[in-house]
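In the part that follows, the structures are each spelled out as structure tokens.
In the two complexes that follow, chain A is the common piece, with chain B as its partner first and chain C second.
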Partner chain A sequence: MTASLLYALAGAVLFGMGLYGLLRLPHLLRKLLAFNIMGSGVFLVMVGLPQHRGGADPIPQALVLTGIVVAIAATALAVVLMRRYYHLSGMTTLEEPSPEQRPGGRR
Partner chain B sequence: MTLWLMAGLLFTPLAWAVLTLLTDFRWGRWVTSFGILVQVLVSLGLWLTIARDGGFYYGLGGWDAPLGIELRVDGLAVTFVLLTAVVASACGWHAGVYIDPDKAWHRYFWPLFWFLWSGLNAVWLGGDLFNLYVGLELISLSAVGLVALGGKAAALRASLRYLLAALLGSLAYLLGVALLYGQFGSLSIAGVATLLADNPAPAGSGLALALMVTGLSLKTALFPLHQWLPPAHGIAKSPVSALLSALVVKASFYIAARLWLEFGATIGSFAAAQLVGLLGSAAVVWGSWLAFRQQQLKQVVAYSSVAQIGYLFLLFPLTYSVSEAVSLQAQQGITLQVISHGLAKAAMFLAAGNLILSVGSGRIEALAGVSRFLPFSLFSFGLAGVSLMSLPPTGGFTAKWLLLQASLGSGQWWWVAVLLAGGLLSAAYVFRIYRASFLERPETDRFYHPPRSLEVIPLILALLSLGLGLASEQVLSVMALPFEEAGAP
Partner chain C sequence: MMAGWVRTLITTLLCLTLSGALAASIWAIAGNPTPVDLPRLLSENMDRSGVAHPVTAVLLNFRSYDTLLEIGVLVIAGIAGISMAKTASLEDPELRTSDTLLYALQRWFVPLMLVLAGYLLWAGAERPGGAFQAGAVVAATGVLMRLGGIPMDFLRPGLLLRLGLGLGFSVFLVVAVASAIGGEAFLAYPPGLTKALIVVIESVLTLSIAMVLLALFVSAPVNDAEDPEEGGPA
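What follows is the complex of A and B.
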């Protein structure tokens, strides 16, 4: 097993863990963290895999920098939306509120 | 000349996004109307240039690939740039009247609208996999922001669901890009296609393509990954729903289609193509059935989008290992379906917004009496419905006719059943709304009458989708404009 393959496999494992968390965990903040773990996995694959072409390949590193910026923007948007959602509904999950149980904390 | 056109298409939307960020809603409307004029002129200019000189590659800022951003300007891209100019102008104009300027947070509509437009243009023109990803993310993030403009807890729940689905889709796509780059060392779609044509496909490139197409189908809301779409499109403000249904879902489909057309023949398989086609067919039937069952007017229109998107994925089986002529027919049919659905669905959402504004409720039963007192908005809604039902002479009819011929020409007769069933089911849900609106319950006119400009815009879009069937030859000739191979990398 070469080093580049090891990075790619680690990235794939991170991607899988994040995917599981994003789909299975109910809490919104945990979902967001899972998304970030998934993103890290993708970046690891992206930087790790093309390294076998005689040393490090600079292009994926530039791409990952852009990818990190995009991921931060997405995370910031998600955090803002979640905060507002919590203010309005008092909920931290995406379940539909049942009709008899009115959401608390509504302004 | 080309420099100015490219600057107009990609830079002005970004500049306008920043400009409108500094203004309130009313000022933003004025600034935006000027920007829309620029966009329409630039899009027409690009069309004229391509019609005269043929398609070309354009390195942004003089930097060529792989360091710079390379744009691929061809007939198909111009078709979509023009469609975006038409639909986005109509939605922007409608939103300027429709959206209440007195709510403080509505001023963010214009920046998000412009970021969305720049993302769309970037995707239509993008030539390499990574910049397509950036364009997609720009589209998704601004679309999520637009859905959240509703402001209520339900709107935020819908937008969060949409955001998580969109992010998951993007990451799956990006992982596919990473694997593909690891194997080919190139990000340009054309470059990878050339490498694939010369060498046998390396092991694992099938996985990369599958990941990319799966991620993009999640963003396009292909059955069974469609659950995020109806709440988001149903709860957003009507001009936003129109933008999302007409353009945003088409952006991710456009990338998936281009990937399939370039790589599908070498790394795709018959089973995969049939599977995607089957999921599309299931979307047509299941989406139409759910549209028929909805109680809220906008939910009907949103589920109808799920069904109409299903047709698009018939592209996959109808272009895999078939003759050149059949493949071309299928591509033309799908392009017409994208355009006619874009125009008709934008008209339908805008008209539905007017109807909801008039009756003061989003429920279908509340429409009773509308046909007598508000025939105008109902007429636009129905006209758009005729295109969705794909009756002649609408664009929807021509699209399905081409798809029908492609299915028979390739011997895949089973897709014909889907095309027929889809038409009948869409007739069922459109007529259900008509039936509710023709009930003559109230004797007096108790409806709010929206301003005339709100009613004219959906009518124009509906008439365009109707006229598309008559002018389909001309529209398809834009798509078929020749590509100048001299500048190819």
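What follows is the complex of A and C.
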């Protein structure tokens, strides 16, 4: 059990927490944040697990760097889509609005 | 509510199970020896890569295919974001802040951050740094300038924006195809030109990454913007 392995296991925990948030939180922005936490967990696993043996491994680090940049761009695109969705529907969730909250009503 | 309670329980169990399975497989992998010693393979081939830093060598030489696809994904995300843009003029006065502190800091920060981005780009050859870090710093500078209301006409959907978005991907692809035509493998740089090509690709990548991130930042539609009919004049 080394510190690097602890990082990888913490990544697994983060993955589970993010998955729970993605599935259970209704607000879209919270879903996006939860999804990012999931992604961070995966990055942590990818960096921590190879580091467990014989120091830092540049190859997973480079892959994680690529992944981080793609994750930032995807998050920004998701925020743009979300704001567009909010602008068109007035809703911040994907669930069917209950009768007292008609589409177009700002919450 | 009963149904909601049951759903929460099932989701919790599912997440715990998945997390546990992931942790168990991490534990199992950590206990076994690796069949291939990738770090050693990399360090043995470092002198062929044209740069001294292993991460940069992996990103732009040994696994440059990943980086090529990555910038492709970024360009697609940028284009999708721009097509969602609601404001015809990206210099919406409502988006500006009138914070005197920000103005004062900006005069100091913007040149400094641009210099830092240039340093990061150049440092990528032998120590941590490179196109992505430099691109992120340039994009952050752009965000700061935008919040301070400095006009940035090139971000208006037009020729300059498209050129900036596409430049990194196109240059990278041209290099890749040129080496393929020249008889080498796709994306294999010709020997002797490796360092120069990597620096050129990193520079255009920096520009494109910064443009994509900045374009995504400014294209987030404003809440109270005029809402023209779908397909109508923006």
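Note that the second predicted complex is superposed on the first by the 97 of 107 C-alpha atoms of A that agree within 3 Å, B and C clash if a C-alpha of one lies under 4 Å from a C-alpha of the other, contacts with A are read in each partner's own complex, and residues count from 1 in each chain.
Criterion: a residue touches a chain if its C-beta (ideal position, glycine included) is under 8 Å from a C-beta of that chain, and two chains touch if they have at least 3 such contacts.
Please read all numbers here as calculations on a predicted model, not as lab measurements.
Once the two complexes are overlaid on the shared chain, A:Leu29 sits clear of chain B and of chain C alike.
Of the two partner chains, chain B and chain C are each touched by A:Leu81. In the superposition on chain A, A:Gly39 contacts chain B only, with no contact to chain C. In the superposition on chain A, A:Ile72 contacts chain C only, with no contact to chain B.
Legend: residue contacts after superposition of the two complexes on their common chain; A:Ala3 is shown touching neither chain B nor chain C.
Look at A:Met17: by the touch rule set out above, it reaches chain C but stays clear of chain B.
Common to the chain B and chain C contact sets on chain A are residues 8, 15, 19, 45, 49-50, 53, 57, 59, 63, 66, 70, 73-74, 77, 81, 84. Only residues 66, 130, 133-134, 137, 141, 144-145, 148, 152-153, 156-157, 159-161, 163-164, 167-168, 171, 174-175, 177-179, 181-182, 185, 187 of chain B touch chain A when the two sit together in their complex.
If you check the complex, the residues on chain C that touch chain A are 7-8, 11-12, 14-16, 18-20, 22-23, 26-27, 29-30, 34, 38-39, 42, 54-55, 57-59, 62-63, 66-67, 70, 73-74, 77-78, 80-81, 84, 86, 132, 135-136, 209, 212-213, 216-217, 219-221, 223, 225, 227.
Across the complex, chain C is touched by residues 5, 8-9, 11-13, 15-17, 19-20, 23-24, 45, 49-50, 52-55, 57-59, 61-63, 65-66, 68-70, 72-74, 76-77, 79-81, 83-84, 86-87 of chain A. Considering their complex, residues 8, 15, 19, 22, 28, 31, 35, 38-39, 41-42, 45-46, 49-50, 53, 57, 59-60, 63, 66-67, 70, 73-74, 77-78, 81-82, 84-85, 88-89, 91, 94, 96, 103, 106 of chain A touch chain B.
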